[in-house]
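I have placed the structure first, in the form of structure tokens, so that the comments after it can refer back to it.
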Amino acid sequence: MHSYSQTVRVGVAGATGYAGQELVGLLARHPEVDLRAAMSSTAESAVRPMPRLARVFEGSLEPLNIDRLKKDVDIAFLAVPEQAAADLGTALVDAGVRVIDLSGAFRIKDDAQRSKWYPATKSMPAGAAYGLVEHFREDVKDAQLVACPGCYPTAALLALLPLVKAGLLDVSAGVIVDAKSGISGAGRTPSDRTHFSENHGSVSAYGIFNHRHVAEMQQELGAEVTFVPHLVPLDRGILETIYVKLTPGTTADAVSSTFEAAYGKEPFVRLTGDALPEIKHVAWTNFCDIGWRLEPGTRRLVLVACLDNLIKGAAGQALQNFNVACGFDERTGLR
Amino acid sequence: MHSYSQTVRVGVAGATGYAGQELVGLLARHPEVDLRAAMSSTAESAVRPMPRLARVFEGSLEPLNIDRLKKDVDIAFLAVPEQAAADLGTALVDAGVRVIDLSGAFRIKDDAQRSKWYPATKSMPAGAAYGLVEHFREDVKDAQLVACPGCYPTAALLALLPLVKAGLLDVSAGVIVDAKSGISGAGRTPSDRTHFSENHGSVSAYGIFNHRHVAEMQQELGAEVTFVPHLVPLDRGILETIYVKLTPGTTADAVSSTFEAAYGKEPFVRLTGDALPEIKHVAWTNFCDIGWRLEPGTRRLVLVACLDNLIKGAAGQALQNFNVACGFDERTGLR
Amino acid sequence: MHSYSQTVRVGVAGATGYAGQELVGLLARHPEVDLRAAMSSTAESAVRPMPRLARVFEGSLEPLNIDRLKKDVDIAFLAVPEQAAADLGTALVDAGVRVIDLSGAFRIKDDAQRSKWYPATKSMPAGAAYGLVEHFREDVKDAQLVACPGCYPTAALLALLPLVKAGLLDVSAGVIVDAKSGISGAGRTPSDRTHFSENHGSVSAYGIFNHRHVAEMQQELGAEVTFVPHLVPLDRGILETIYVKLTPGTTADAVSSTFEAAYGKEPFVRLTGDALPEIKHVAWTNFCDIGWRLEPGTRRLVLVACLDNLIKGAAGQALQNFNVACGFDERTGLR
Amino acid sequence: MHSYSQTVRVGVAGATGYAGQELVGLLARHPEVDLRAAMSSTAESAVRPMPRLARVFEGSLEPLNIDRLKKDVDIAFLAVPEQAAADLGTALVDAGVRVIDLSGAFRIKDDAQRSKWYPATKSMPAGAAYGLVEHFREDVKDAQLVACPGCYPTAALLALLPLVKAGLLDVSAGVIVDAKSGISGAGRTPSDRTHFSENHGSVSAYGIFNHRHVAEMQQELGAEVTFVPHLVPLDRGILETIYVKLTPGTTADAVSSTFEAAYGKEPFVRLTGDALPEIKHVAWTNFCDIGWRLEPGTRRLVLVACLDNLIKGAAGQALQNFNVACGFDERTGLR
């Protein structure tokens, strides 16, 4: 495991997107971090103001500069689009800089699948880990590059992996994930899709059957996933309603004790049991809340999982990975 | 069929709830209607103002008065809670007044099921019809009482009934209905559940596995339905994402042509096909929009249906039933 | 006054913007209108779909074609940006086509003021009227071109003009208009300003001291106006809180009776008196609601006026002008 | 000044209201605090769950118990209604417990004014301070009771006091405060006023001319204030647009340098100057952002101030006062 004798020198590439800003805000308050560089991937966005971070982040934005990252930081966070992340991630790891990547560039392990969904990624760097901390904590500790999970897979996998591992899920029946996401998940770039008036008072499905996050869910679950994401008129938060079948004979108690064993000591997963979780209770936090109900007289289980897509689904989870990778208390800077 | 030589004398019981107000607004502008009475079921609500309806409805609110309804109206609309509707509906039909009921009191035909879900309903009046006009138009024409479908079943049944009738649905695989509803669906009574701050920026599941609308869906579909309704932070509108399996060999073309045959001439159902519908496009209208996608390489079909819960899901559908029951153009007062 | 022996042939330039779509929807249902052309000012937007209008407007969108407007329509509605409206308006009037213009191009009568705020407008066509129907109905009847008031001035002028005309306002004290507007007022073009996430959960002031609508308010009121518009997180609606001083000795009764005399018979202005108006009660209608309170022991009057910016503030007011200009009942197609 | 050799023993009365919950969340993470008691003023609300605080506050809710507060805590926070705060505040101070009161009970110094607006308050305890830290920091240090300012006055006074103190404000011209507030400001109790559907898509004025916060503003400013609060459809945040006149000869530079002198070193006031502040940038923080514009050619100044009503306007400001009263770094637990 890495250990740092003093504050860790850190840089952020992609500081002005929604996840990037959140990350800069968290890092600026992290007691073990020396935030050396907040870079914006395009000249245009380099000058976009971040009024929310005034007095929080006292540094200045600068254009993306890979040489400076190689020279001045121990760990680089990438909050840039996949194409840029694929290039930067490889180059930085080669130069000995550890990388926490928030993009999808390095999430898919199978070469064929990755080529299909993330063609910009030429190859996986040695020492890459999939940063779902609750399930891959040991991998993260020594990783050179951490591929942070997508916002949708984070909720789905936290809800489903304990059941899969315990063999309680009838995998052959398939998994249905109906996700409701706030608009910040669609990014900061203005478009018809992110226009206020197109979303206020509305709900819409999008990306049906061709969303890249399906590949990531299927990789970890080993099950077919039907995934339908929806935009709902709120800014931040994802709630997923997940429909599965249990293996014959699985009881409600078995489900509860499996979850308790998996997450009873996890700092950022809260089990709500019968009292289903709501986005309001996790917004602006790094918690993922998980509840469930077994449909009476059937093997049908409905799980509900929710999180803040910009924190536990992006910047917060990245920081949690950072803490693990540096040997800090996992909660540092995240409370 | 009934025919009315002049304007139809109409009364509304329950005029101050959200559906009731919508109904009063529609009836006040209906060219064939003489709105004789707008009654509020409780003394308290009888004096609740309806500022939105100023200049639209020029009459005055009055307390509920069944004798006056018996004497002064040809057709009574009931927008009151089930208990009250059960009593009023039977009494009015007995007195020869036709009834359009927006409550659930008379939706369930099977006595045992009805006793379970709507115990206030002592018996079904003769001449009761289930008012899903697009599928039961003939029944409605001569009905003494029309039980308007619930808001959730309206969308689900319009989306699924054509497939069931055509034998394209693998009924044994079950049906999953994941519904997202605006808060007006929870009614006008203030509660923690309807508080602005509990819903803004949030999404929550509720009524899971024990919502009365399931009984109604199962009655019409003859299939097991897993139904999870959610509250989303908007006022009016429901969007349902429906997960089903098709029978082997069913093609995308078969699905399309089945829908086209069912609804091509219906004035209030719009088929969007691949371009999935959004609440924004149906809010404040009597349209139900339906789209669908067949998951490539599978028999899994995802349908998306949406409507305005206060119009097509309540007051508008009630008026549509009224038009059919009176022999008017079905669109009168609904454009 | 014009009179039309049959349905009026109408065209819309700028059919795909938010006001344009609203207009097409209203015109398509207007019993005296033959909607001949729905044109989009740019090739790009000509193909933008309008799913909300499916089954309502059965025609097709076409690119802007001034020759066809000259040839095929009696009256053209312009819902295009000022630059285009300035050109089109003049050319169409010259060709004998009557024009209802929703832009600002022809609202300012003083040449110097107009040159400053709307430099694209070369000159005012003969027969131009300022289309605030409640105050200039006679001018509209015979107008060749109607310049529909801006959304903000419509509310402010309806609230203030009766007091100014009656001499009850201390004009020397100035007028303060604090306006809260839904985001559709910022138009359909995606931008940082109209991004959902920038507005959800937020309120912001904009255009302070340099908004063109000030010129329009000052022109009609003959008073200095301090105007601060704000974006609030809703789609449609404007509420203005207006702070003025009354002339010495003006009583609350004088204010009430002045408003009653001005608007008691107006179909689209509702006086709420002490019970202040709310956007919810006017959204999706052509009403402007006006309430007021006299601050006890002072000459300070606070007025609150609200309307739907896309209807009474744009398309609905345009149709109201159309009805007056054609000699129809002013409410036709607006109920 | 007080100094505490170890963590300060703290209790909260009124832990389940919106401000109370926020306070419990902040105190639970404050490194110098031993949160001994979270009490709910009513038996009913004592059992209301606080799912957002799971894993954050590990203690349990208990009914209000003044004896336990007297015995077990050094400092008590009161987040209860005025009536209860008036009684509790006096009794606790008499028992030697320091009090941070979030209610209005002890804000008004003048006996006649206080009797009018807060009749439940029998008298002011000795050692009471008005807790607008930026202007009364010295008073707070030794206070036995801190009356935290109201949410609306906090923004208005932070914006206006520097100008008043510097003599730049033409006090005789009066002050107009047009405030836009999120719904959490109306409290957790369900009512028509706080119903989601009454506020979504709407804006409404309320409490006009009789809001108790006017007394507080006038007390500190020594000027007549016209105050109109509005509810806007968001959860948390207040933005105030303030219209004043400057004294003759006051320049824009004088305004800027006055603000810079007043707040340049304040940790929780940010000056945005010409770039007007927005609620989005202060939500979930303890910042108050202030911007302003001088209307060209006039003495009219428009100020815009905003804050999070539950943090800087309530729980955060209370904690800031607590930090000052205990001699801690003012920012402890507030970053």
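Order of writing sets the chain letters: A, B, C and D. Residues in each chain are counted from 1.
Here is the rule we go by: a residue touches a chain if its C-beta (ideal position, glycine included) is under 8 Å from a C-beta of that chain, and two chains touch if they have at least 3 such contacts.
Small disclaimer: the values here were computed from a predicted structure and weren't measured.
The interface with the greater number of C-beta contacts, when C-D is set against A-C, is C-D.
Ranked by distance of CA centroids from chain A, the top chain is C.
Taking each chain's centre as the mean of its C-alpha atoms, chain A lies 36 Å from chain D. For the pair chain A and chain C, the distance between C-alpha centroids works out to 46 Å.
Remark: chain C and chain D have CA centroids separated by 40 Å (rounded to whole angstrom).
Among the residues of chain B, those in touch with two or more other chains are 182, 198-201, 233-236, 278, 280.
The touching residues of chain D, counted against chain C in their complex, run 174, 176, 178, 180, 182, 198-206, 208-209, 224, 226, 228, 230, 232-237, 239, 241, 243, 276, 278-280, 283, 293, 295-296, 298, 300, 302, 304, 306. On the chain C side of its complex with chain B, the touching residues are 29, 49, 51-52, 54-56, 200-201, 267, 270, 272, 275, 277-278, 280-282, 284, 287, 289, 335. Of all residues in chain B, those touching chain D in their complex are 18, 182-184, 188, 190-192, 194-201, 233-236.
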